[in-house]
């Protein structure tokens, strides 16, 4: 329990401290240290969970499903903070922001981490909602950190769209609460997920299906499901790169996590009704749509970060589809995909940040010859993109493999769409990637001081996961699969 | 694992990985690639060869499990005769590359392209190819398969300063990826019928005809795309020439065979049921590939592109043989099916050898004359004699001329095709002879093609200055070529012996061997019955040598003194200059005129400002215009239309949210 | 294989090499007569060969070793090919060693070196000849194989000797497939042996020659071998047509009498064929190069029709 | 049971809810910004009044507190902040004529009907006297969203957003007798922070495009033909 509290509230304290820290260099280090502490705490928490099976209490509840997401969040937060220290200093030196901006950045970074961890670890749908909304509020100012017209515009769209979405999610939460009133012994428990889960079969199906629609549209906006995705590329491309890394790597995961938790409730309530798979069907539909549309969008990108944010949409769509598909194999694959995707995608954004510094721009047409100029950056980008495109021996291949075979088993006709989508998305990524990394470098392009260690660590982990999934992780994922689908693989 | 063959295979993979790891240090000392990485690579090849030979000799099955992969599905390894045979194919060429490589990569040590990438991915490439042949479950197979594509892609992009190479690499990886996905889905079909991704489970699966056909189609597309069957071949002539020549040799000689292996494994072993419709499909596609491949090869004037297209042709021949095998097996003529199957295997091996040999030759020319355009070459036989003679062997073998190895596989193929009268279905009885005709035409055109290659490149006079200054290549490179050349001859002269080795493969896969074919002992090939057809390569070779010797002894010996050097006669015109020679383009012109409609030809005469008219001719693949560009256009159009979703107006976005919400509410309530 | 068989094989080899020039001479003689010339004696080819053998041999400066090796390869390959086509007797061990596909292969080998030799010196004519030769053979070879396959499938064997024996055993049956195959094979033979209307062995008119253009640079014994090989090839095709399609009179045992009668029959048949060839050459004019494809496509078509009519009409029946 | 038989308290409650719905129509149609802000304040007041009545009739104590909270926040604080902002942005004379008002009204009416149709099945036996209000609150939410779609002016959009929040709150109170206090505090806090951030953004937007017309925030578009 203490580990849990530490893991969740360390970032909050860090945010407070950083809000008061004036020295820029110091702030960077504090940021790193706090994140490291958070990660350590999350590891301790993970060990507790491994020992006890689950840690619950004080409206918190950590089981196999969210513990690895917690650890992942803390880890990516740490590595990104390591990357962001020199990166943001470079940004500050180039004058794109000032000391106040940096203070805001650091404190908001930790606040964001806090909301993420809170959303993951809480057992209360209301708290979940508050945390996700808080995440929006924490990041919206960071998106507009550079104060360029584009940044402000992106931030406004992000704010409005996610605000509306989240409001709808609240309505869904209210409906859930409403449905719970008549069922639960203690109506005050009506927002406690575990209580609802046990009582799920008794929940009124008609209300729950309405509630799920609101929740899906609401949190789906955060996931970046087409057609509510429009904020995502803007926010990713205009915000500072570390922000993009954590947004793509973590926020989307958390939103998806929320949707899956709620799907478990709805499935329970609809099990006996006329359309027991309504939630799954909806997820499949949205997932497939996002997957295909995002893949097409990749082809016309001119901004490198925008492009990779579309690839995030594509992968979130794939996971949503997999969760909707259901069945142990697909679910296991989706859980694994959440893990490897956020690792790889954050690594990509880190590399992209360096690439943008090398070229001095984010426009794809002006980023050229990275391998010639700075082989480390060029090769990392190339290999990371190969990984995200689903090439072995990286983990994403494993999850996509499971996913495709599961689809072939359950819904063979969807595999055609998946095949097309993968091909289109792949072409879209590489047609832009090739000219950037390969070929001769433009005159006078110089290497920048880059810290590639986070990237190396992330890719190393993804490679490891691709070659063999360690036993404890396998057990966790399997347990999570069992929680979600009832069946398991091991 | 205690099985010797399996140990050897493991050693081979390990050595390949070590070689790729070692070459990471070439950042600090470039010569490491030459002195350590390439020799290790060669050793890996030898180990693979040993493993394969053991597997073929023992003709047993050894399995093992690796502590890697999915928690509930560890990577499973299996070494049987089929894997063994293809291990041999990979091993031989890799060993030759190990000999040839050091001399060749020396040229890159001063270059700007990164050596660690070259060496590292070369080793990885070999390792993944070996793993593909060893894999015994779909997951491990796909991992190795995609690793093979990826590593070779990096090698294709090695000279990435040239835009064409970048395009080629992109095209290659894209199509490899699509193909890989198709294969994966094919496995998915089998896995969902024989519950489980392990190959044993799939062997057990008995899918109904419809699903089996789906699996067949998917795998055929996937492996065919990798093998370069028309019309899925477009990447091949772009990618293979782009890579360094020893890599081209690996890609054309070996990787395509790995695709053939995949097809055989998937189809003959895993699906394990034969339907004549599938046979017809394979036969037709193979025939088309063979013809189109050789015709396009004839039109090329870049040596490496030409060789790549001729790979398309040979793959087509292999698939013709496989198609015949399927047809005969589906009709229940096991013996004939076995003969065709063996022909396919033998041709796979042969093609690996002579295509490797020819790419080595092209590499040698590139290395010493820095030229790959045939129209600039000429007279190289006198400047680099060894390379010249070895390449001659290659050209003879690939043109299917006795007593070299290409002829044997073609002969077997014809023999099985001539047994068509045993089939009951009239359709097949008419179809197969036509495919045989296509095969004959292919062979003749291939001969024309390689007469052109050899005559233009090695004979006559040099057409450009740097070719005139060409020097012989280092001994190591010649040794690599020599090894393959000797093997080409050996496989041509002693086919029965080598077929005896291969015999274990059909015995395991099809349940019966080539006993009939090899009944006559090492001296004779008798596919069906001695009185039906027989061929004794050793005697033919022997007699040929004896007759030639006789002629030389009668005429050559005494009259040596009466030979005088003089200017060329040339009907008494002015002494011929190199510019008067026939070029490669000119050589192929009659055939271009006859088969004109197959190509997309743009021919024009432009008047330069210096008043000298310049003749321009470019011949491109019709499949681009017919298949690839339309697809690309469709995707582009879809992307353009879809982009209106991102109009930029926040109110429109909110409208989308509202509409989605209402629609969903409508749906659920 | 026993001694008699070996002797038979050697006998046939020597017969071919001995009689080939005679056939060429005979054709020339008949042709001359048909053109109301007296013409040279039938033995003239022997004299030419001898003359060339004793003359000095000139080799161009630009020639490579391959140029000097080619004649021997071409000659021996063609010669070996003849050994598998029964001339006087079907008891032919060589036919076991090399079936008809191998014969085609050997001829292809010879052609390969012939064309390479043509390109070796690096003259325009050599290249031209080589290019045209390969172009023609590329179209002719499949036609030939198809025609032969028709026989092979009928006789269920690609072994020439057994094909002939099958024919003899079967007696005279009018097979549509054979008519097609025979006519196809004749066209192919004309093209492959470089006779009118495809090529003119007598011309040295630069732009029309094909075979002559390739051996233009040869002289002395090299030229002798090349010419001799060409004559061997002519005789090979003659024997193929004569003995496979009209197998009457060919010896089946190895008795001296049989062999004698077989030889007589062969000589008569070849003589008739030669006369026919000469007649057609007098009657026809040489074609333009780009009308040759039509000619050869006709051959291919006929051969293919033969094959199809076999599998459609005769197997089913 | 029929409306007449309801106790007067509940009749009053339903009347209030109806008024709240009416105010959101007013918000939708109102051209002058300041008037719209007043309408919004009225809506907040009505919502808190409904809350008080629910508290009175159901005896749920904590609802009094949340009624107070709502009144402070939605009826006083936020309207006041919006007033200040609009004055500092020189928008207090601003009026934005609505395009195709008839169409918008019909759409809003359609939304009301739709939400009623949706709410029909979910009316079951608890808080019998407030269940009908679910439909109303849903309508308020949807109309708020519609308002954000049709209004080009940033402040007006914020008003729409806030009235969505009102609808949510109405739903929470009427259907479930109020969420747990902790959650309500959290929500209120979030709303407040959101309002502050909106205030900040108005200025950012204005200095970047010197206007608050969101239609002019269209640099980040992908529809134009790319020049590659």
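Chains here go by letter, A, B, C and D, matching the order in which they are written, and residues are numbered from 1 within each.
Operating definition for what follows: a contact is a pair of C-beta atoms (placed from the backbone, for glycine too) under 8 Å apart; a residue touches a chain by one contact, two chains touch by 3 or more.
Worth saying up front: this structure is predicted, and the values here are computed from it rather than measured.
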| item | value |
| --- | --- |
| B-D against B-C, pair bridged by the larger set of C-beta contacts | B-C |
| Centre distance in Å when chain B and chain D are each reduced to the mean of their C-alpha atoms | 69 |
| Separation of mean Cα positions, chain D and chain C [Å, integer] | 100 |
| Averaged-CA centre spacing for the pair chain C and chain B, given as whole angstrom | 35 |
| Chain A and chain D: spacing of chain centres that average the CA atoms, whole Å | 31 |
| Per-residue multi-chain contacts in chain D, two or more chains | 118, 121, 145, 148, 214, 217-220, 222 |
| Multi-chain contact sites of chain A, meaning residues that touch two or more partners | 156-157, 160, 164, 168, 206, 210, 233, 297, 300 |
| For chain C, residues contacting two or more additional chains | none |
| Interchain contacts (touch definition) - all pairs | A-B, A-D, B-C, B-D |
| List of chain B residues in touch with chain A within their complex | 67-72, 112, 114, 117, 138-139, 142-144, 146-147, 149-150, 157, 160-161, 163, 166, 169-170, 173-174, 177-178, 181-182, 184-185, 187-189, 191-192, 197, 635-636, 638-640, 642-643, 645-646, 650, 653-654, 656-657, 660-661, 664-665, 668-669 |
| Chain B residues touching chain D - in the complex, by the definition given at the top | 643-644, 646-651, 654-655, 657-658, 661-662, 665, 669 |
| Chain A-facing residues of chain D, complex | 118, 121-122, 124-127, 134, 138, 141, 145, 148, 154, 157, 161, 164-165, 167-168, 171-172, 175-177, 179-180, 182-183, 186-187, 189-190, 193-194, 197-198, 200-201, 204-205, 208-209, 214, 217-220, 222, 226, 228 |
| Touching residues (chain side chain A, partner chain B) in the complex | 156-157, 160-161, 164-165, 168, 206, 209-210, 212-214, 216-217, 221, 226-228, 230-231, 233, 278, 282, 293, 296-297, 299-300, 371-372, 375, 379, 386, 389-393, 397-398, 401-402, 404-405, 407-409, 412, 415, 419, 422-424, 426-428, 430-431, 434-435, 438-440, 466-469, 471, 474, 478, 489-490 |
| Chain B residues within the chain C interface of the complex | 378-379, 381-382, 392, 396, 399-402, 407, 411, 414-415, 418, 420-421, 426, 429-430, 433-434, 436-437, 440-441, 443-445, 447-448, 451-452, 454-456, 458-461, 530-536, 539-540, 543-544, 547-548, 550-552, 555-556, 559, 562-571, 576, 578, 580-582, 586-591, 593-594 |
